[in-house]
Every structure is written in structure tokens, then in C-alpha cells.
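In the two assemblies presented below, chain A is common to both, partnered first by chain B and then by chain C.
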Partner chain A sequence: MLWVDKYRPKSLDKVLVHEDIAQNLKKLVTEQDCPHLLFYGPSGSGKKTLIMALLRQMFGAGAEKVKVENKNWKVDAGSRTIDLELTTLSSTNHVELNPSDAGFQDRYVVQEIIKEMAKNRPIDTKGKKTFKVLVLNEVDKLSREAQHSLRRTMEKYSASCRLILCCDSSSKVTEAVRSRCLNIRVNAPKEDQIVKVLEFIGKKEGLQLPPGFAARIAEKSGRSLRRAILSFETCRVKQYPFTNNQVIPPMDWEEYVCEIAADIMKEQSPKRLFQVRGKLYELLVNCIPPEVILKRLLLELLKKLDSELKHEVCHWAAYYEHRMRLGQKAIFHIEAFVAKFMSIYKGFLIATFG
Partner chain B sequence: MGKRATIVLSSSDDDDKDFAAESILKYFKKPKAGAASVPRTSSKGSKKARISSSRSHPGKTGNPFDEMKMFCEDFGEGFTGFKVPPGHKRDDKELWVDKYKPRSLLDLSVHKKKVEEVKLWLEERIITKNNNHYNHVLVISGQPGVGKSATVHTIASHLGATVYEWNTPTPTIWQEHLHTTNAGLRYMSKLDEFEIFVDKIRKYGLISSQKKPFIILIDDLPVTNGKISLARLQRCLNLLVQSVCIPTVILITDYGKTETSDFTSRCWEELQTSLQNAGACKIGFNPITVNSISKMLSKICKQEKLKLTSNQIDSIAKASGGDIRNAITSLQYYNLKGISDNSSHLDDGCCLTFGRDETLSLFHALGKFLHNKRETENMITSDTSLKEEFTRLPMKMDVPERVLGQAHGQARTIADFLHENVIDFVEEEGIDDAYVVASYLSDADTLLAGGRFSNYEAKNLIQSTAASVAVRGVMFGNRYPLSSRWHAIRRPSLWQVEQSQWRNKKEMVGQRCYYGYNGVSLSDLSVIATEWKPVSKWLSVGGNELLDLDHSQELCDDEDEIEEDW
Partner chain C sequence: MAPLMQSSQPWVEKYRPRRVKDVAHQDEVVRVLTNTLETTNCPHMLFYGPPGTGKTTTALAIAHQLYGPELYKARVLELNASDERGINVVRTKIKNFAAVAVGSGQQGGYPCPPYKIIILDEADSMTEDAQVVFVLQNALRRTMETIIEPLASRCAKFRFKPLSEDIMSTRVLHISNEEGLNLDSEALSTLSSISQGDLRRAITFLQGAARLYGSSISSKDLISVSGVVPGEVVEALVGACKSGSFDCANKQVNNVIAEGYPVTQMLSQLFDLVVESDHVSDEQKATICKKLGESDKCLVDGADEYLQLLDRIDTRVKVSTIPLESYFASSLRFRSSLTHAAIADSTLLLRLSASASGLRQSSSTSSSRLNRISSHPSDPHSRTQPSPTQLFSPTIGCGGRISTFLNRRCLMGGTSVEPLAQSVDGSTTNQMEGIEVEEQSAPKPAPPNQNPSEDATDKDQMEEEVILKRKRKKTSKIWDHFTIVKGVGTQKDQAL
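Right after this comes the complex of A and B.
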């Protein structure tokens, strides 16, 4: 088992980084009926961990006895029936699903499937009906229509089920949905918090940590705790005992982006642009989100850039990131950014060195 | 090839002999070439009985073969309305396509190798009766009019086999449907009917009293709409491939596969691959070469005693785009016109008044845009208000929008092709130009996605605007196009990328619960792609091993221990 999973706090009391949130959540479920919740925050900040701990707090260990189901749903939509396939994880008291998997049919998931789940409520030991918890992941990826239906669903079935929504950025969740939930912002952990966790794990595993080593990992992680623990473990596999100047292996795709950046800096020509396109395709095929690629590429380019160009380059990166969201095919926009960068950089080189 | 015309003959008087024979003709098209040689009356008795009973109670007869035929007969009922009086002379009015149908293997314009392949396949199954073959299904694919069915029919008659054909039921018109529902009849989709047909063939085969070998030909697969019905058709065909014991030929027509990446064309491709996976043998027919079409046309000219120059024949052949049926019809039509007015305009080659309207292929148009030919000398235009960097020499072609219209490519396709190929045409040092081009393509893509309009007209307008922006942007941005040399225009690799991306994504969605969280929760896709997968590669742990049942067992065991120390 990976360390990330092994040392994931199982209950709200044992959380190491967001103790305040955890305590509040605990109060919330013990004292009163819990409202709908919306967890948002950057990736690797601990949203899922909190949710899982919360579920355990609510339902006890039973929340971890889940079964994975690949269900086919037949949704009756007026004149036709729509077939949907969806993976769900469910225990007796909760169901977890990713409605955005259904693509543009996501609103049927939100409308019909949730309705169906809300209908059969579990009965507790005293014969009393309790509510069911639905965990919806990646809510920000839901279409506008789906979010609207979600709003209705939340109102209609609030007696029988509680929704826990989880997403990276709440700005893509409609106002209406946000106002019906208790919003919980889960910040990215601070670097010293990450160091604390890493040292804790090191102690558990009986590892000798050279001073400053954990800090380096934390710095490299971009304040993502998951990322930090994962790199920590890869470091352990690569070389132990640790040395202070040990390389912290980057993810393979990051290395690849780094390579692309080097290519761009080396030569600015249409031919090179074409080669870069091939490499970008490689990344896209592996489902690396285009925004992530663009961001990473910008960071790599900025590292090697003269400070007077930085502002302009950032501007264009932001411009094409926005374009990418408006447009259909990411490659058109990433490539336009690369071409723009090449053009700027070449002009700069000619101006300085003649 | 005018099949429908031949099917509908039917006699008005009920002379039993003719009736029996011809009603079969209605439902199973016989090999046209050898129509006379096929024993029409072979099992007359049984058929007669069947027909009399089938009218009222289909399904009572015991013989499954008959039953199947009767079943098909029901489909054919739609045709009975179109009766042609028997003995009607129509020599001179006959379509040349039927008249000059290939009668022997030599007549076929299809490439010899392909014919040989098909023949060999059929021979193996018919003549040698070698039952060791697992697969009895042959898939022939190709553009329309390349002689797929003609080949099968000709070879069948060469081998002396009878071709039984799945005869597509007539489509139900809406009014008709309303009428029949009132009468209490239930509507059956074509797909339903096809499924039943396949089912019967699989279960009973064709038990015929004839000694002749036979072949089943499925020409018109029912059109599917949407994933569900496609899956049904696929399932049904897979069953057919796995269990049928009679040589069966399925013809699949692919329409301009290279130029679109839309759903329907992908459907057919998917269907073909699934058929192949199920064990069917596949032969693809290429468009017929201009040479063999012209040969065929001049042969017809000789027989019809037409005087056409070889130039004219050539231009007809070229305009047909490898579709021989189209070429022959064009020739006939051309002949009809009497060639009275000006035969000169045919010599121009550019504006045939008949034949295909496709005066420019997509690639031709793309070539124009990409090569971006301009006048060489600077003809100073009136508006000098433009800065020099924005002026371009006049174009050496029609207005781009017009060329677009002639090529009738879709905006998305055009943009994708331009994006794929334009870099090759930008000169070595012109990174600035490359940027201008890329920025316009980005604009075009943004426009294409601008689907907030529910109004079709607005959508249409946006599409044309996007195409225009893409094309003009490419032409404007590329200031110094490379001197023209030969460039191959590539198919956008983006399409392939998107397909494999989609596949990978689907796979990840499936694995979602195996990555991280001990399977107690689902991971986000982006996290799987950017973190779980690379790390599991690092640690050389497969995704599945992250969640083994044993593991979660272990987890339960040492859980307490961890909890204590935490």
C-alpha cells in the first residue's frame, strides 16, 4: 500500500493538517443534523481525506465497507430512454459517484439517478429512517444544466439525503448551488505543515531524515500534501539512506514538459513548433489536462527567462488559457502560445545579440 | 444498380407457376447476370403452398427455409403496390447500368486481385464444402459504385451458386405508421426486423430442396442511430459471424471515410473492426481507376454506336470519382441530351453539366489555401491606407469562401486540416508568421466552440465565419509561402490523438476506484493522470495492485495498530 493511503488519517480527531476544519465538522455531525456540504480547494489539500473521515464519523467503520458497482441506468427522458453507465461506490449509508463521467448527459445523472438513490433510504437499528449521503466528485466539471438540476434535487430531497460536493474550484459551481451548501474551503497545507507530516511518516517508517530533506520535498510539492508524500515514497524507493542532495524525482510528464521547454528555448522555428506539437500530443494522449500542461510549461519557461520578458509571456499564457476554456481543441491554443513565445523570444534574442 | 427496378416485377394474373417464381424474385434477388440460368421453378410445389398460406398466417409452415422466405416476403409487401405490367417492353429505356451489368468475370472492372480474393473465398466454402472453416462471413467494404454487389453476383453465377439477398424492408412513412397503429399493428423498427432475420438464418440456415449451393448477401445493413442501436446491430452481427454456417457476404459502403471524423463514419469503422474481431474475413475495394472506367465506357460507346472523343470519355470517368455506376449513368444521360448544343464545354473538363457536383475535392481546396499562390508583381491597390506589414499581394484564386463552398468541407474539418498542415508551408525563419497563423486558428477554434446559440441559423453563420477566419488567417499569416513544391497533405493526427485520448480516459474512468484511497473513494481523473499513474510506474506497482483484496484485508488487520500510534 502506498504511504499516502497507509497514513491517511482515518478519523476527524487524527487529522494533522486541517485540525480546525475537522473539529468543526465533528461538532456539526455530533450536535445536529448536517447540512449539504461543498468542499473546495486545490488538489492535494485533503478534501477527500476530510470527507472520508467525516463519513466514518457519521456512520462508523461501516462507511469503509464499500462495493464498487458498474451500473447501467435507464433513464426515461420523455420520448426516449437514455442508457447511462456509471461507476459508483456505495456502502449502506452513502454513495459516491462522479456525475461528470456521463459527459453531456450528466444532468440525467443528477436528476434521475440521485432521485432514485434518495428514494430508498437506509433504516437504522432503531427502525428509524436516517438520511443517505451522496458524495459527488468533480462538481466543477458538471455542465450548467446539470448544476441547475442539482439545485432542484438538493431542495426536493433534502429530507432524505445529504449531498457532499467536492471540487477544485468553487468558481465553476453556480451561485445557486453554493448558497445551498455549507462551503468549506480546504486550503493547501503550508510547507511547514507538510514537513511535519513527512517527519511523522519518516518516524513511523523508521527512516533517518537528513535535516532539510523534508523541507525540500515540501517545497517541490507545490503545497500538495499528496504529491509530497508520493515523492517522499519514490525517494525512499530510489535511494536510501537519504542524502541531502538527493534528486527528488519529478513525475514523468513533468520531465517531458521540461524537455519541451528546453526545445523551445533552443530553437524558434516552424519546424521546431511542429516537433513541439508532437510532444504535446503525447501528453494529451495520456490525459494530462491541457491547463496543467500549459501552466507547467509556463513555469518551466519562466525559469530560464529574462525578467523583462516574464510579464509579457505570463500575459499570453493567461490569454491562451482563457481561450482554451472558450474553445474546443486545446492543442490549437497551446500551440498558439508556444508560437507566440517563440516569436517574442526570437525578437528578444535578435534585439540583444543582433 | 437498379436492383429495385428488377425486383418489382410481378404478374397481375395469378398463373401459379409464374407467381411462385416471381414472388421469390421479389424477396431474394437472384444473380442478375445469370437470371435465366437459375431454376425458377425448382421447388414449385412447396413454394406455392407456402405462398397461399403465408398471406394469411405467416409462421405456420414447418420448413424453416420457407419460413424465412416468407418472412422476407412480408417485408416485400411494400413493393406490391408498384406493379409493372408483365411483358412490358423496355429495351430502349433500360438503364445502361443494368444493360451493361457485368456478365462474366472478365466484364468486371474491379481489380483482378480483389475479384480473385473474393472468388477464392467463396470457392473454398462452396465448391470444396470444407466445413473446417470457422468463419463463413465475408465483409466487403468500399465506396459506393465500386462494384461490390456486382462482383458477388458475378462470381456466384460463375460458381453456379444462388444468391439469396436480405432485402431491406421498405421504410415506414409517418402517415402510414399512424394509419397502421390505428389498425392495431405494431411498428417494428428496421433493426428489429433485421435482428429477427439474422436470428432465423442462424438457427435454421437455408434448408433448400435445391441442389445448388447458395450464398447469402446482406447489402443494406439497417441504419443505426445512436450508440444503443449500434451496439445492438453489432451484437446481432457478431452472433451471425459466430454461428452462421452458410457463406454470407456483408457489404458495407463507406462514405468518404477520410474526410470526416463524425459519429456515423466512426460507426461503420467500428462495425467493421468488430466484425473482423468476431472472425469475419474482410476485403476492401478501392475506387475503380479512371482507366478501367474509361475502358468500360468506350466499350459501351462502341456497342451503342456513340461517337465520343476519348477526351470526353476521360472527363466523364474522372468526374465520377471512381464510381462506375455514376459514370455509366452520366454517359447515358450525356447521350440523351443529344449532344446537340455544345459538346465543347465538356472538353473544358471543368464544368460538366452532369455527373458529380464535386468540382473540387477537399484536398484540392486545401492545397489552394496552403500553397497560397499570389500574383508576383505588385499591383498597387487603391487603398494605400493600410500599413505595409498588413498588405498582401492579390490572390491567384477565387475568393476563399467560394472555394470553400465548392469543396463543401465542414468548418471543423477544414480547420483541423489547416492546423495539421500549415506549418509545412511556412518558411524556415518565419516564426512570426507561424504565430499569426496559429493565433487565427485559435480564433477559429474559439468560434467553432461558440455553441451558446440555440438558433440554427446563427450556428450556421458561426461555422462559416470560423471556416473563413481559419482560411483567411492561414493565407494572411503566411507572408512568404515556400515556393511550390510537392507536399503531401496529411490527415490531422489530432483525430487519432483524440481517439486514443478518449480511449485512455475511458480506461481511467474504469480504474478510478483502484487508484488511491484504498478503494474507499474515487479519485479525480486529472489526479490519476498526473500523479497516481506516474507514481505507480515509479514504484512499479500496477494500478490493480494498489487495491488488492488481500491488501484491504491487511489494512483491516493492522488498522488498530496504526490508530494507536497516530
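Right after this comes the complex of A and C.
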């Protein structure tokens, strides 16, 4: 088992990073009328961990016995029937699903499947927990129509069902949905918090940590706890006992982007642009999301730039990223950014050095 | 339902008014509908207005009061966006439902008139083909424009206005008494301001805070549940911008993203800060607002939050390093800069309206920055202010947003907008008793999407009346503003 999973806190009491949120959630559950919840925050901040711990708090150990199901639904949409395939994770009291997996048909998932699930009330003879919980992941990726469909469902079946929504950025969730939920912001852990967690894991695993080693990992992680733990484990596999100046291996693709940035800085010509394109293709083929590439590339370029150019370059990065969302082929827009950068940089060089 | 279930309901449901007369703040609507209930003579109705003002509540209440619990199921068909509502549903389900006639006769103390009711919640998200029905209820904000003209003209329209702070406070206090909560006056006013006229939001916040922090709630608790970015964070960002150092600003941006604050919210708060700031000149404000508008549109399109915020920050750095030459300290100076500002405004308006139309395309309901506008106290006149809308006719339907921008600028100029709101409200009330019943004898032959908002001549009249009133009142700055913008508009029209 990976350390990330092995040391995932199982209950709200054992949470190391977001103690305050955990305590609040605990209070929330002890009262009977839990509202709908919306968790948001950057990836690797612990949203999912909190949700799982919350479910356990609500339903006891039963919530951990989940089964993965690949279900098929036939949705009657007037003139035609639509086949939908969706993977769900469910226990007796909760169902977890990823409605945006259905792509442009996500509206039907919300209209039919979620509604169907929300209608049925779990039978409990003791009359104790009379609602079930639906966990919906990546709600920010849902289409507008789907989000609209969600809002009345949230109200109508609130007696029998609670929704827990989870997303990276709440900007992309409509106001109407947000206003029906209790919003819980899960911020990325601070570096010292990451260090604390890493040291905790190190102790549990019986490892000797050289001073400052955990801090270096934390610094490289970009405040993502998941990433920090993963790279900690990688280091462990690569070389143990740890040495003081042990290199923390960066991701392959990041090194590759770094290389591209160096190429761009060295020469600004159509020929070089063509070479860069090949490398960009390489990254895209390896399923690195284009916006991640663009962001990383910007970061690497900014490191090497004069401060007076930084604003302009940032502006163009934002501009091309926006166009990329609207357009179809990511490579065009990344390449356009590279070309734009080359022209700005070359102009700058000529102006300064003649 | 078991008593236990009642207590586990969200407060929004628990305290939903069950009778029309309990609906808060919508006096004109309530008056007309109470009358309707007495005579049981019910026209087709179209409810519209910002979220959380009681549209769904009213519709459900009428249906319940007309038929009572027994007949309700048989007589009322409720369809909302969570149901499939394509053209087929309208052709089959609704037609079948409506085709069977029912008799009248009192039953159990309810009037039970001889017709049925269909409630179409969130009608603006229906497909255009499907928009042909009876009692219409439109639960989205000011998207009247997405309801096609032939449909709108068959309905009596009821506008629901955003709730005023007093009404909101009364309602919130009532609930907190029922639930045994302690709210101090500071918390109460915070709640009113962060929920911006949306009662549902206020109640959700209240419940959230009560669950998390127990029975005594401070304004800080409310802010933490509401998702508003704390003032310090915004200040830190602005401070970093003023320092002029890119790396410093970049660090703050990274921090905002890592802390998970929603960037749309951030932009909205930056907007407020900039507009109300005394240290930024008029032109700078216009430039900044324009940029913020662009970013908002990009975010709605799904652009990356980090890059967008970084881009904005960078703009602000540049702007704030420009020497601040035109403070409008003296009124003389103010006059001259006003003209400039108005010109800057017209481009800004264009931008804003472009972004607003972008919002419309994706039927966004989330751009909080522009939304707050729709819940602004001076809201009513956004519908009676045609010039910007006509000026930018391609982007019709964003009148509200533009007007608010003007409002904000007016506020910034130091004059309250309230009198304007009142005067417009007054004129509306005089003319139509507060409810705009459209009386078009013949349906317009023009294609519906050409001018989906409303009759231009009506608007013009209204506008002129308003202008006259204003001139009489001599509320100087605001009106100068309006007329100047209008002047720009006419010139532009002529040029076109």
C-alpha cells in the first residue's frame, strides 16, 4: 500500500492538518440536521480525506466497506434512449460518483440517476439515520445544465438525502448551487504542516530523517500534501538511509518543461519553434494536461526573465490559456504562446543590446 | 412524515412560507395574488427576479392554497430543471395533464377552481421550443430575455425585488428566535450585507454557522461560512501590487490559490475595493474595472484561476505605478475628469456588456461580481434605463449590469443612489401599480430574439420621465453621468 493511502487519517479525530475543520464537521454531525456540504480547495489539500472521515463519523465503520460497481443506465430522453455507464462506489449508506464522467450527457446523470438515488430512503428500523449521502466529485466540471438540474433536486429531496459536493475551485460552481450548501474551504497545508506530517510518517516507518530533509520535500511539493508524501516515498525507495544532500527527484515532465524553457531562452527562431513543437507534442502524448504544461512553462520562463518583461509574459500566458479553453487543439495555443514569447524576448534583446 | 424528519430539514425548507401572505417584502405581488385567491380567477403568470426572493415559494403557496393537500397532487404539475423538459415533454406530458378538464366545487375549505396549475420552475433554462405553457415561473435572475416574446406576452408578469436589509433582518431574527440562537446586531448586519438580498443565502449561512459554532454567532463566524475572502487577504494582495514588485505579487497570488479562495469572489471584492478607494483616480478605476470585467468573462469560460489572477495583479501593478494626477478633490477638477471618465466608461460599458453577454451565453449564475449588482438597492431602474442597452444592442439584456456599474460610480461620487431608486420605483408604481402587466393586443411580428427585453418606446418614455424627475431633483453628479453617457450613446448611434 502506498503511504498516501496507508497514512490517510481514518477518523476526524486523527486528522493532522485541518484539525479545526475536522472538529467543526464533528459538531455538524452530532446535530441531526446536517445541511448539504460543498468542499472546495486545491488538489492535495485533503478534501477527500475529510469527506471519508466524515462519512465514517456519520455511519460508523460500515462506511468503509465500499464496493465498486460499474452500472449501466438506460435513460429515456423522449425520442431516444441514452446508455450511460458510470462507476459508483457505494456502501449501505452512501453512494459516491463522478457525474462529470458522463461528459456532455452529465445532465441526464443529474436528472435521472441522482434523482432516483435521492428519492429512495434507506430503511433503518431504529429510525436513526434517516437520510443517505450522495458524494459527487468534480462538480466544477459539470455543465451548466447539469448544475441547474441539481438545484431543485437538492431542495426537493433534502428530507431523504444529503449531498456532499467536492471540487477544486468553487468559482465554477453556480451561485445557485453554492447558496444551497454549507461551503467548506479546505486550504492547502502550510509547509510546516507538511513537515509535521512527513515526520509523523517517518516515525511510524522507523526512518531516520536528516535535519531539513522534510522541509526540502515540503518546499518542492508546492503545498500539496499528496505530492509531498509521494515524493517522500520515492526518496525512500531510491536511497536509504537518507543523506543530507540527497536530491529530491523532480517529476520527469517538469524537467522536460524546464528543458523546453531553456531551449526557448537560448534561441528565438522559427527553427527552434519547430523543435519546441516536437517536445510539446511529446508532453501532450504523455497525457500531461495542456494547461498544466502552459503554467509550468510560464513558471520556468519567469525564473529567467527580467522583471520588466514579466507582466507582459503573464498577460499573454493568461490570454492563450483562455483561448485554449475555448478552442479545440491545445497545441496551437501553447505554440502561439511560445512564438509570442520569442518575439517579445527577441524584441527586448534587440532594444537592449542592439 | 415522522417528526424527526421535520427537524432534519434544512431551515430554508422548514421556514418556507406556506401562505402567499407570509411571503416577505413582495407587497405588490402579494396584494394581487391574495385578490386572485379570493376570486380564484387566475391568469397565466410569470415570476421573475433575483434568486432567493420567494418566487418558487409563492408559486407553491398559491397552488396549496387553491387546492389544499388532498387535491394538490391531482391538480398541480410541478416541473423544474431537474426534470427532462424538452419539446417532447411539453407535447405529451403537459398536454395530457392539461387536456383533462376538472370540475369545480369547494372541498375541505379550499376554493378548488375548475382548472389545473402547471408550475414550470426555472423556465428560462428550458429549450426555446418547449416554452409554451400555462403558469410560468421563472426562477433565475433577470434572464427575462431568455423567455421568448410570444410566451411572455401571454403572462401577467410579477417582478420579485431583492429583499431590503430590514426585512431580511426581521426574517433572520424570527428564525434565530425559533431556533434559540443569539445574534448580535453586528452579526445581523454582516449577514444582510454578505447575502446581498438573497434570503435563501442568508438562511443557509445562518444554519451553517449555527451548526458549526453553536448558538451564539458572531459576524466572523458568518464570514467564514459564507466563502467571502477575508479583508486581510484582499488587502495583502493590493499591498503587494502597490509595492510594484512582481515577485511579491506573484507570491500573494500563489497564496490565494493555495488557500483555496474562489477567484471570482476575489475579483468581486477587489472591484469593491477599487471602486470605493479614494486613492485611485477615475480613469484608473475605469481601466481596472475593465480589466476585471475581462477576467470575469475568462473565468466563466473556464480559464485557469491562477493565470487570470496573475494577469489582473500585473495590470494593477502597472496602473498603480502611474502617477496619480487626477484626484478629484476640487469640484472643478471633477467636472473635467468626469467627461474623460464618461468616455472611458462607454468603452468600459462595452466591455462589461460583452462579458455580460458572455455570461449569458453560458447562462452563468455565478459571476458574483456582477451579480451583487442585481441585488443592489437601486435595482428597479435597471429595467427602465434603455440608453446603454440600446446603444449596445448586440449585447442586449445586460442592462442591469451596466446600470449597476453606473450606480457604483455614482456611489463613488459621493451621492446616494437611493433617491433615484425611489423615483423610478415611484413612477413604476404610479403607472402600473407596481406590476408590469403587458398589454399587447397583437403579438409582435418581429423575430423574438431581436429585442427580447421589452418595448423600446415604453422604455424611452420611462427614461425621459426619470430624467425629468431627476433634473427636478437636482441630484447633481449622478445625472450628469447618465446624460453624458447617453450623449455618447447618441453620437455613436449617429455615427453608425
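Keep this in mind: the second predicted complex is superposed on the first by the 347 of 354 C-alpha atoms of A that agree within 3 Å, B and C clash if a C-alpha of one lies under 4 Å from a C-alpha of the other, contacts with A are read in each partner's own complex, and residues count from 1 in each chain.
One rule holds in what follows: contacts are C-beta pairs under 8 Å (C-beta built on N, C-alpha and C of every residue); 3 or more make two chains touch, one makes a residue touch a chain.
In this text the structure is predicted, and so the values were computed from the model without any measurement.
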Fit or clash for chain B plus chain C once both are placed on chain A? fit
Quick one: angle from chain B through chain A to chain C, Cα centres, nearest 10°? 90
Would you check which partner chain A:Y40 touches, where first means chain B only, second means chain C only, and both and neither mean what they say? second
Considering only the touch criterion stated at the top, classify A:A339 as touching first (chain B), second (chain C), both, or neither. first
Considering only touches as defined above, state whether A:A176 meets chain B (first), chain C (second), both or neither. second
Just checking: does A:L326 make contact with chain B only, chain C only, both, or neither of them? Give me first, second, both or neither. both
Could you say whether A:L150 touches chain B, chain C, both of them, or neither, answering first, second, both or neither? second
Touching A:E233 in the superposition: chain B (first), chain C (second), both, neither? first
Name the contact category of A:K27: first (chain B only), second (chain C only), both, or neither. second
Smallest separation of CA atoms, chain C relative to chain B, angstrom: 5
Touching both chain C and chain B, counted on chain A across the two superposed complexes: 326
Write out the stretch or stretches of chain C touching chain A in their complex. 1-2, 4-5, 7-13, 51-52, 80-84, 86-89, 121-122, 125, 140, 198, 200-201, 204, 207-208, 211-214, 225-227, 245-247, 250, 257-265, 298-299, 301-308, 310-311, 314-315, 317-318, 362-366, 368, 371
Touching residues (chain side chain B, partner chain A) in the complex: 227-228, 415-416, 419, 423-424, 426-435, 437-439, 441-442, 444-446, 448-450, 493-494, 497-498, 500-501, 504-505, 508-510, 512-513, 516-522, 524-531, 533-535, 537-539, 541, 546, 551, 554-555, 559, 562-563, 565-566
In their shared complex, chain C is touched by residues of chain A numbered 24, 27-28, 31-36, 40-42, 45, 77-79, 110-112, 115, 127, 130-131, 144-145, 148-153, 155-156, 158-159, 169-176, 178-183, 185-188, 223, 291, 294-295, 298, 302, 307, 310-311, 314-315, 317-319, 321-322, 325-326
Under the touch definition given earlier, write down the residues of chain A that touch chain B in their complex. 1-2, 4-10, 14, 43-44, 48, 51-52, 64, 66, 68, 70, 83, 87, 89, 96-98, 101, 135, 137-138, 168, 204, 226-227, 230, 233-234, 237, 249, 251-253, 268-271, 273-274, 277, 281, 284-289, 292, 320, 323, 326-329, 331-333, 335-336, 338-340, 342-343, 346-347
